[in-house]
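So that you can tell them apart, the chains are marked A, B, C, D, E and F in the order they are listed, and the count of residues begins at 1 in each.
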Amino acid sequence: MSTAGTAGLEGLRYDGRRPDQLRPVTIERGWSKHAEGSVLVSFGDTRVLCTASLTEGVPRWRKGSGEGWVTAEYAMLPRSTNTRGDRESVRGKIGGRTHEISRLIGRSLRAVIDFKALGENTIVLDCDVLQADGGTRTAAITGAYVALADAVTWAQGKRLIRSKSNPLTGTVGAVSVGIVGSVPLLDLCYEEDVRAETDMNVVCTGDGRFVEVQGTAEGVPFDRAELDGLLDLAVSGCAELDQLQREVLEVPK
Amino acid sequence: MSTAGTAGLEGLRYDGRRPDQLRPVTIERGWSKHAEGSVLVSFGDTRVLCTASLTEGVPRWRKGSGEGWVTAEYAMLPRSTNTRGDRESVRGKIGGRTHEISRLIGRSLRAVIDFKALGENTIVLDCDVLQADGGTRTAAITGAYVALADAVTWAQGKRLIRSKSNPLTGTVGAVSVGIVGSVPLLDLCYEEDVRAETDMNVVCTGDGRFVEVQGTAEGVPFDRAELDGLLDLAVSGCAELDQLQREVLEVPK
Amino acid sequence: MSTAGTAGLEGLRYDGRRPDQLRPVTIERGWSKHAEGSVLVSFGDTRVLCTASLTEGVPRWRKGSGEGWVTAEYAMLPRSTNTRGDRESVRGKIGGRTHEISRLIGRSLRAVIDFKALGENTIVLDCDVLQADGGTRTAAITGAYVALADAVTWAQGKRLIRSKSNPLTGTVGAVSVGIVGSVPLLDLCYEEDVRAETDMNVVCTGDGRFVEVQGTAEGVPFDRAELDGLLDLAVSGCAELDQLQREVLEVPK
Amino acid sequence: MSTAGTAGLEGLRYDGRRPDQLRPVTIERGWSKHAEGSVLVSFGDTRVLCTASLTEGVPRWRKGSGEGWVTAEYAMLPRSTNTRGDRESVRGKIGGRTHEISRLIGRSLRAVIDFKALGENTIVLDCDVLQADGGTRTAAITGAYVALADAVTWAQGKRLIRSKSNPLTGTVGAVSVGIVGSVPLLDLCYEEDVRAETDMNVVCTGDGRFVEVQGTAEGVPFDRAELDGLLDLAVSGCAELDQLQREVLEVPK
Amino acid sequence: MSTAGTAGLEGLRYDGRRPDQLRPVTIERGWSKHAEGSVLVSFGDTRVLCTASLTEGVPRWRKGSGEGWVTAEYAMLPRSTNTRGDRESVRGKIGGRTHEISRLIGRSLRAVIDFKALGENTIVLDCDVLQADGGTRTAAITGAYVALADAVTWAQGKRLIRSKSNPLTGTVGAVSVGIVGSVPLLDLCYEEDVRAETDMNVVCTGDGRFVEVQGTAEGVPFDRAELDGLLDLAVSGCAELDQLQREVLEVPK
Amino acid sequence: MSTAGTAGLEGLRYDGRRPDQLRPVTIERGWSKHAEGSVLVSFGDTRVLCTASLTEGVPRWRKGSGEGWVTAEYAMLPRSTNTRGDRESVRGKIGGRTHEISRLIGRSLRAVIDFKALGENTIVLDCDVLQADGGTRTAAITGAYVALADAVTWAQGKRLIRSKSNPLTGTVGAVSVGIVGSVPLLDLCYEEDVRAETDMNVVCTGDGRFVEVQGTAEGVPFDRAELDGLLDLAVSGCAELDQLQREVLEVPK
């Protein structure tokens, strides 16, 4: 278990953090005995269990291409939130938000995958939110990357992946930023998130380039200067997460 | 029927447009005899039928608040695309993409609504793609705004909306931008969209501020300079759409 | 675009038509750039978009038979009617009326298809009601026939259909008839339809034979003389539609 | 248990019947101890269990009208047919044919109901096919009428229906007719049904008027003379069924 | 049709039976002309139609094993009970109770099947409750066994089963027991079932061993002595059912 | 976090336990910050997160009764098992096994609830399996009881429960037993479970009485002596779990 804590100084934020400060982030590898890669990731009180399931073969539309596939499914436990939500399995359909986040996680991870090097293998990342306190999708992406890396290493050990080039072309992480009371903040907790005038999720590679930028004006529209400020914050937050992911992965599992 | 055509000069793009040029955009009001507002919007060969249905009352969770509600549903006809897709009604569930776009349209329109001034009325915007050639969601937002404006005017005439302040706090429009062959392009058609390295949908208010920014690296991640270039293009495209919306709405229905 | 207008003389009907008079019928071919055949058909204010999608191959149960297949799906846009209806895709299931009409359209078209001559190709007719004012199913059948004919011609041009005999063994069209205030009327509009004591949909081939006869007593049962009168009206209306279909198809697309 | 047998003379039909001869029809009342009305109806080997469930109150859209409602649901047991069919409950949706027949049965029964006299009561007719051998929908209508009549009598006894006028304005029955090998036949069994060139279901009131006429050309379209011949046969078959229903209902339950 | 009646002496039970007395049980073979085996079984007023459908081949996961498969589906007709229940096909999903009982019936029958001797054949047992008065699942198991036996005999006659050893390794039957007013009772009818403090379903083979034991405390938990008393009752009831099944099957169909 | 470990001596079992020995059982209270009660329970490698959500009010059918309600939902994370399973939310329906276990957990907990004392409050127990290694339903019941107890205490503190009598009338726990290689074993792990000839789940109250007994012959039926041996084992295992639950709950949260 690795922890990336940064002490807060000023009492400005709900939990005493500086505007540009991440919550304590922990990434616990090898959480499940069954999955090829598994991680329990925490961004403060947000806890997401990410498992990577690798199977030989690819979906039908990709057969014979010599290329692999990576996809993701996101879900929240019914009581991961303050008020219990209905189970989507009981309602019989998946809501729009769940769909949207599952697709975002999948796209984010595929941005750092060399499908040729992966070979005809499929990796499914399951990201189940055990406790939610804002930033569940960004925690999921950040943790899922580590689970994915472990699954790739496992498959290389089993000779299911035989390519000499690394199927992972880089690291990927994500963080939320937002404007609360006109102040741009990094890594919003739930209390900040519900008050944010603007809310943005940014997915970056370890070298600081963008995979996804999703900004939404919750109340009033935001101007270009505000957008620029949020992007600056997000890039620095992602750099910190990249550093943590590397440290965590250096420890042999 | 109003048309915002701009002639293309160079042969650079698939259809001869300049990189910063919109496709011919038309917004035909009053397309349906039943709906309180209805628009057939075209961005080139992309054609979306947008209807606004206004009913008195609001969803249960909003009752007694004195505030209205605006929501949207997006769908594609099965053969609006090059290859016929299954009907979501036949499959029995709505796909992630459909959900995602419906939610985007709803959020975009709500950004320019004063719910107090709307009163306890609900407006549903149905955006049905009759023919798709890239940019269906941005055409939908742009057209739906005009249908929404017509429904608001209708309701004011019927005294269903009685507030003196305008329920519409501004205009809203949207356009796609993307990087194709390293060149930033405005308003991608389908052929460009499938080749884009980066794809971004930007929703702006008439005064040039952002409601939504959704950028995705399809292949390689994009850097900050590329992001800035795309945002510049999008802002200028949205300004052109805002101009067109205003012209179209000046004509009495 | 072709129009079959017939001027009304007496003020007897809701819209001034004579009892035996069709509404203005238009059949606009080539409405969609993607579909192998596509038609926007209008019976007065009823507007249905009919697209024909041809794909090589047949459903599994028909493989190896050397015979093709033709099927249809009917749907109404949510605000095609006076009051917005729920989307069947959102409700997660198709209603009985939708099912019933889809099946009727499919059976009607198959009545004029020589499956051997069609070869192992499948044609799906999508009939989406853009605006409803009574008679949507009969407009759909009448328009879908023209879209089907265009798809067949297209496939012959592409050599996907190579038989020397024509896969189309005749034309097919449909019209509604009904008794309103004891008077038998041809081609009911919505206002007439809701007041009809008896409502009948009749599908005829161009040579005046019956493919489907579906008569329903909405209020009091009808007797044999009334039934005979309605059939007479329907046969003459279908003959007019057959004439229009032939004229429209004579124009090269 | 009552039986309406008619002896066959010539060997013309699959089971030796004359062209204008019904199969042996039996209507067994009081089959279920729970339902307010219940009937096991047989048309030859076709056996349908019809139960009428009467509850006080009406659907929301009819509340306060002082009028009742009658509706029906039809289904087949999985092995009522020669080959086992999937359960619709397991597939999770109802097929088009099931929907269509349920609606037909409901409409047919409502044609002989005076909703005012019924008062704000709802009667649901469940028609479950225990064994199928052609004509399941016509047997269902014929039997459901008797179950409906018993439920009405029960409710009158319980003073749930207090109107002095009879909620039943007449009897209703149904029979299939078809053209097999150019010969018009009454009451097709399965073997005849699959070979029929034209297939028609006719629902009549006891006084010989039509409630529903549904004719379909399975192969070649049919002409007016053939249609007239089929209608004649159907009317005489329905008269026989009406006679049987009356006899059966005369016996006190 | 065979009947196992046992006369009641004391007025202790709702229907005058002794505590250790079964209701009149009848097993009518050959009820359906289509199914390979079919039985209408009654335990008092509980009536269940059990059909056995045998098809060559097995589900995909069992292909090539040389072994067969047996499964079951249980359902209740909507008005088999005192109050009409919604159809599961209409609701679009199967309830927990239905699932549970279907699985129980399948497991019970598989306990007496030699899959090798059955060969690669699949038998589906459909158990549809026509009238419910308590003990529907136990009646279903008891009747389904007889339908299964008839289907096996049919398949041996058709040489679809060619093994010399009998695919049926024994008989299987089931009965409910429960404690009502502190008295252990055999074969509860509905009135007893709703009042039972403890309710137990026991599935036994003909030689008195257990296949399933499912006991549930409805109100207060039960102790070991009560459990033992209930098991004694159940074993004797199953022995009686085994006797009846053998008698019924001795008669040539 | 509390642990009930018992050291294994002989090498007889897969993991070295004695036949009558539980796996190490831990019950960690207060796992989630949102739920009114929450427990992470482990039986060896089986880990289940149990949360209790208390809301004021009861389902409609219970309103005005003055009595509360307790229900449960069980689910497995897709990769809690050795091979990834499809999400039931994605498949759009809940499987029979899930339904069955959810119902079992609910019944088990209701057996120790005094609904009058609970008042009109509803408690939902969500039992989500994070890692599965046999005995997930028994771990769920054992852990859910503790979460339920915490929720009741919480509600008493909030004065949502005001009765002077304890809503909990006792403790409840569950354990699996089975016969593997003719030896009766307590608390089967997955490897033992798949090899078991007979498998039984037993739910007991703290005073050693039975709430549920569910025994299934997987291969050969079991006789009365085997059944008795299994019940003895289960009762002693439940007594150990009861002891652990009491110890864990003594610690103030």
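Heads up, the rule we're going with is that a residue touches a chain if its C-beta (ideal position, glycine included) is under 8 Å from a C-beta of that chain, and two chains touch if they have at least 3 such contacts.
The shown structure was predicted, so the numbers you read here are calculated from the model rather than taken from an experiment.
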- Can you give the shortest number of steps from subunit B to subunit D, where adjacent chains in the path must touch? 2
- Note on the structure: Of all chains, the one whose CA centroid lies most distant from that of subunit B is E
- Task: Express in whole angstrom the distance between the two chain centres, defined as the mean CA positions of subunit A and subunit B.
- Result: 29
- Query: When the centre of a chain is set as the mean of its C-alpha atoms, what distance in Å lies between subunit B and subunit C?
  - Reply: 33
- Item | Separation of mean Cα positions, subunit E and subunit A [Å, integer] | 52
- Note on the structure: Whole-Å distance, C-alpha centre of subunit A to that of subunit D, is 60
- Task: Scan subunit E for residues touching two or more other chains and write them down.
- Result: 92-94
- What order results when the ring of chains is traversed from subunit C, passing next through subunit D? C, D, E, F, A, B
- Contacting residues of subunit A [partner subunit B, same complex]: 93-97, 99-100, 102-103, 107, 111, 200, 204-205, 208-217, 220-224, 227, 231, 235
- Item | Parts of subunit B lying in touch with subunit C, wherever the complex brings them together | 32-35, 38, 45, 49, 51, 53, 55, 73, 75, 77-82, 84, 87-90, 92-94, 98, 124, 126, 128, 130-133
